[in-house]
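Report on one structure; see the data block that follows.
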Amino acid sequence: MAYLAISGPSDATPADAADAEHVARWAAEHGHVVVCGGLGGVMSAAAAGAAAGGGTSVGLLPGPTRDGAAPELTVTIPTGLGEMRNALLVRAADVVVCIGGSWGTLSELALAVRTGVPVVALRTWVPARAPGRLLEVGSAAEVCEALASHLHR
Amino acid sequence: MAYLAISGPSDATPADAADAEHVARWAAEHGHVVVCGGLGGVMSAAAAGAAAGGGTSVGLLPGPTRDGAAPELTVTIPTGLGEMRNALLVRAADVVVCIGGSWGTLSELALAVRTGVPVVALRTWVPARAPGRLLEVGSAAEVCEALASHLHR
Amino acid sequence: MAYLAISGPSDATPADAADAEHVARWAAEHGHVVVCGGLGGVMSAAAAGAAAGGGTSVGLLPGPTRDGAAPELTVTIPTGLGEMRNALLVRAADVVVCIGGSWGTLSELALAVRTGVPVVALRTWVPARAPGRLLEVGSAAEVCEALASHLHR
Amino acid sequence: MAYLAISGPSDATPADAADAEHVARWAAEHGHVVVCGGLGGVMSAAAAGAAAGGGTSVGLLPGPTRDGAAPELTVTIPTGLGEMRNALLVRAADVVVCIGGSWGTLSELALAVRTGVPVVALRTWVPARAPGRLLEVGSAAEVCEALASHLHR
């Protein structure tokens, strides 16, 4: 069992949301815990996918209360840390999956690489000049294949 | 008086270090407080520049002790937050200057844009696909011009 | 459903551990989530009680890894915050139950009263000169009565 | 040079404020940095004392902005951590001086003893049943004597 962070924008595209749900459902079906930022967009899609897969999801909320938490979450933790909770999300994860591009998502990707947490990236922003430390894939199915290869070896 | 964060790699190039020192000295000479991550490379160069300019510098250290703090710093704060202190650095800043590329620097750039703190970027990693929310400049002198324009208007 | 923090020493007395388990089991049987510091003593007793009651428990660990986490926990979050995680525990709680005395437990009691989170106290340290803002009770059964009265009204 | 945290209530009594100013002035005159929570009462009195002694003071503010910061502070750090910043204050300190009683002050006292930071206590709340791990003194002059003995040996 592993902890899988799913990171992505609150103003997700339909494709981002569908892919986040796909990956979270796969993770739940394989016994993994899904961790996310607890709000809307990719985050609530991840919570919904975990629920659909019969698994557990945890939302680390930026505010000091549970207001705005995705209703499908199993557990919500209001951190009151603001965007500093992005670093907490990365710390709680064995693998970070970034789906879709936003500045918050980029901060989580960068913190993950910085602290040695593996990242699987799908349609997300990556630095133009950085060395290749990310696994970039092209579909939700490829995210799941990468996770299976990494987590189940 | 403003708080100016200078962000950059601990394994800075000589050009990165020289530019960080230049910018920090300018900031100190103009009455601003320099905030940085408190360790080596761009961080210690910023502390040295602030000291040379007769000003105040603050180091927000990742560890729980003052070990490894740049000796030129006026004030050191051991946070024990690990890389989560990157978010604290951004929060303490009126402007963030990124000099040189690293994953930690990128996390600070992303958190700054995410939370609405202006960023001036010199030879740093920027996301390939992100919209233009950064001011990218080509020299330490241009960083200072941008800061003067932003802070002294 | 509410989030119930159970706070107490890692070097718990047998009575502290038994009472923590009793309260956590009651909480789980009534549909509440048990949150604790994730380590031994009162913390692992709370996790065991939640498991015995068929419920969910969350451990907010002080370190950056899951080392030392109580095995009965449903979800573990390594915070890397050190004792700063005591404040996170309080923030995540709708009610804090303090069982047994220690400096860490006292910090959680004080932070809870400071931030307006109700506290039920059983054999814990309380300040000698503070005004009466705590509900002090004499047994685990009385803790559960107080919680029922507070949470189920 | 040492970092001396001065902790106490924002609704300080005149005696609390006068004693905090006395201790901070002594600390500044002896080359120490005064760290405090950055707001009013004992905190602003500590900042004023440090300024009167020609020294440096740092305010670790609970909010995400500098609003409400004591004007006498040399450096202000808006943490956005809420009461979690109490733990940051303790971490930044070589010694914690508690003057006056409040729940926030008690949380800092407890976190300091928990993490091995020496505490000097003047008219503050202490737990009724805790073992003797604090130095309780009766006047600001005795606080300074205790600090001199601890810091200058």
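Descriptive notes on the structure:
Just so it is clear, A, B, C and D label the chains in written order, and each chain counts residues from 1 on its own.
Assume a contact is a pair of C-beta atoms (placed from the backbone, for glycine too) under 8 Å apart; a residue touches a chain by one contact, two chains touch by 3 or more.
In this text, all values refer to a predicted model and were calculated from it rather than measured experimentally.
Contacts with subunit C and subunit D are shared by A, B. Of all the chains, the one whose CA centre sits at the greatest distance from that of subunit B is C. The chain pair with more C-beta contacts between its two chains, of A-B and B-C, is A-B. Here the spacing of subunit B and subunit C, counted between their Cα centres, is 40 Å. We define each chain's centre as the mean of its Cα atoms; on that basis subunit A and subunit B are separated by 29 Å.
Annotation for subunit A: residues touching 2 or more other chains are 64, 80-82, 84, 88, 91. Here subunit C touches subunit D in the complex through residues 81-84, 86-88, 90-91, 101-104, 106-107, 110-111, 113-115, 125-130, 133, going by the rule given at the top.
Residues of subunit D touching subunit B in their complex: 33, 56, 58, 60, 64, 74-75, 77-80, 88, 91-92.
Subunit D contributes residues 64, 80-82, 84 to its touches with subunit A in the complex.
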